[in-house]
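Sharing a structure here in structure tokens format.
Note that the chains are named A, B and C in the order they appear, and that numbering of residues resets to 1 at the start of each chain.
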Amino acid sequence: MTRFVATTVASFLLYLFLTTASGAVGLWSLEELALGVLLALIVAALTRDVLKGDWVRLLSPRRCALLVIYLVGPFFWAMAKANLDVAYRVITGRIKPGIVRISPKLTNDASITLLANSITLTPGTLSVEVEEKTNDLYVHWINVDESVLAQTPRDYTLICGGFPEWARRIAG
Amino acid sequence: MSWLPAVVFLGVCIAIALVRVAIGPTVPDRIVGLDTVNTIVVVAMVLLGAAFREVIYIDVAIVYALLSFVATLFIAKYIEKGKF
Amino acid sequence: MLDIITYVLIGIGLFFNLMAGVGLLRFPDFYTRLHAGTKCTTFGSIFLIGAVVLQSVAAWIDGGWGSPDSVLALHAAIALAAILVTNPTGAHAIARAGHRSGIKPVQAVVDDLEDAKFND
């Protein structure tokens, strides 16, 4: 039931974003609001069997606030550094690639998705494959640091910094 | 504001990416080029919408972004020799 | 003042999109090209669409609460969100498909994934 309500509210909010400046009730006309509620209910009813799992707990205000702080703070900074780094390597052509395996020890799908997408967009790394039993990630690294190769499992602080801790806090 | 020179410049970027689509050498290489072209086309559509003050360009861009994502997933699944 | 900020944002965005194109041509293998093609276009589109959002929010403030410029700003923001969510996911799918179809990283110093056996 909470899943149904959450899907309805999310669909309705997206509909509101897409139909601004249509009338006098706030920014919307009465017809648009009524149609929006109707369509949101239809979407929620149709996707009830698809959206399974306990994802509603991810919508708590604390997790959402942490996600926003993460995105505008450490994530955006790392992304800026990553792009300057890639631009530098495009110009100079100085690369030393390799695929390394890291074990961030995350336990659920939402946090591993967040971590994999963060890794793809940040310094010199690109997630290639996830092992579903242990949630280990295989990461393509554009400039491998030889000191990491001495031990297995690899030390992930050089690859993705504090991101696993953030992913655990936001979605763990 | 003059947005159109930026759109022309993005057209040059698309042309460069299309060179990679044309010369390959492997199929995944071409898909990387295609994915890049898709993203730049979405951005160019948003800029055109701002240039002509027409929202319809941006609506098309949203739909294009989502559909090109689905297309990328399908091609990836195809070259993976996996089951659909 | 607003126009200057917008032009700076457009300049940064165009630079990174150009880097994506040049990187696609210059890098030696599939994985490194994916680095250039994904990261640089995503970062470039943040700045370019950010410039559009900035201009239309300014026009929205000028035109009053119910002005049609709100549509431009919100729809551009939704397009940016779509790009931000779909781009890394698509890159992940392509990388995985490339590795499973047998492409090896060129000049690699280490390949843990090749050593692990994937049966499915």
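Going forward, a residue touches a chain if its C-beta (ideal position, glycine included) is under 8 Å from a C-beta of that chain, and two chains touch if they have at least 3 such contacts.
In this text, all values refer to a predicted model and were calculated from it rather than measured experimentally.
Viewed as a contact network, the protein chains form an open path, each link joining two chains that touch. Chain closest to the overall centre, judged by the mean of its C-alpha atoms against the mean of all protein C-alpha atoms: C. One simple way to say how far apart two chains are is to compare their mean CA positions; for subunit B and subunit C this gives 10 Å. Subunit A and subunit B, compared by their mean Cα positions, are separated by 21 Å. With each centre defined as the average position of its C-alpha atoms, the distance from subunit A to subunit C rounds to 14 Å.
Shared interface positions of subunit C, i.e. residues touching 2 or more other chains, are given as 22, 34, 38, 42, 68, 71, 75, 78, 89, 91, 96. Multi-chain contact residues of subunit B (touching two or more other chains): none found.
Interface residues of subunit B facing subunit C in the complex, by the touch rule stated above, are 1, 6, 9-10, 12-14, 16-17, 19-20, 26-29, 31-33, 35-36, 39-40, 42-43, 46-47, 49-50, 53, 55, 58-59, 61-62, 65-66, 68-69, 72-73, 75-77, 79-82.
Those residues of subunit C whose C-beta lies close enough to touch subunit A in the complex are 15-16, 19, 22-23, 26-29, 31-32, 34-36, 38-40, 42-43, 65-68, 70-71, 74-75, 78, 88-89, 91-92, 95-96, 99, 105-114, 116, 118.
By the touch rule above, subunit C contacts subunit B in their complex via residues 3, 6, 10, 13-14, 17-18, 20-22, 24-25, 30, 33-34, 37-38, 41-42, 44-45, 48-49, 52, 55-56, 68, 71-72, 75-76, 78-79, 82-83, 86-87, 89-91, 93-94, 96-98, 100-101, 103. Here subunit A touches subunit C in the complex through residues 14, 17-18, 20-21, 24, 27, 79-80, 82-83, 86-87, 89-90, 93, 95-101, 116-117, 120-121, 124, 126-129, 131, 138, 140, 142, 144, 146, 149, 154, going by the rule given at the top.
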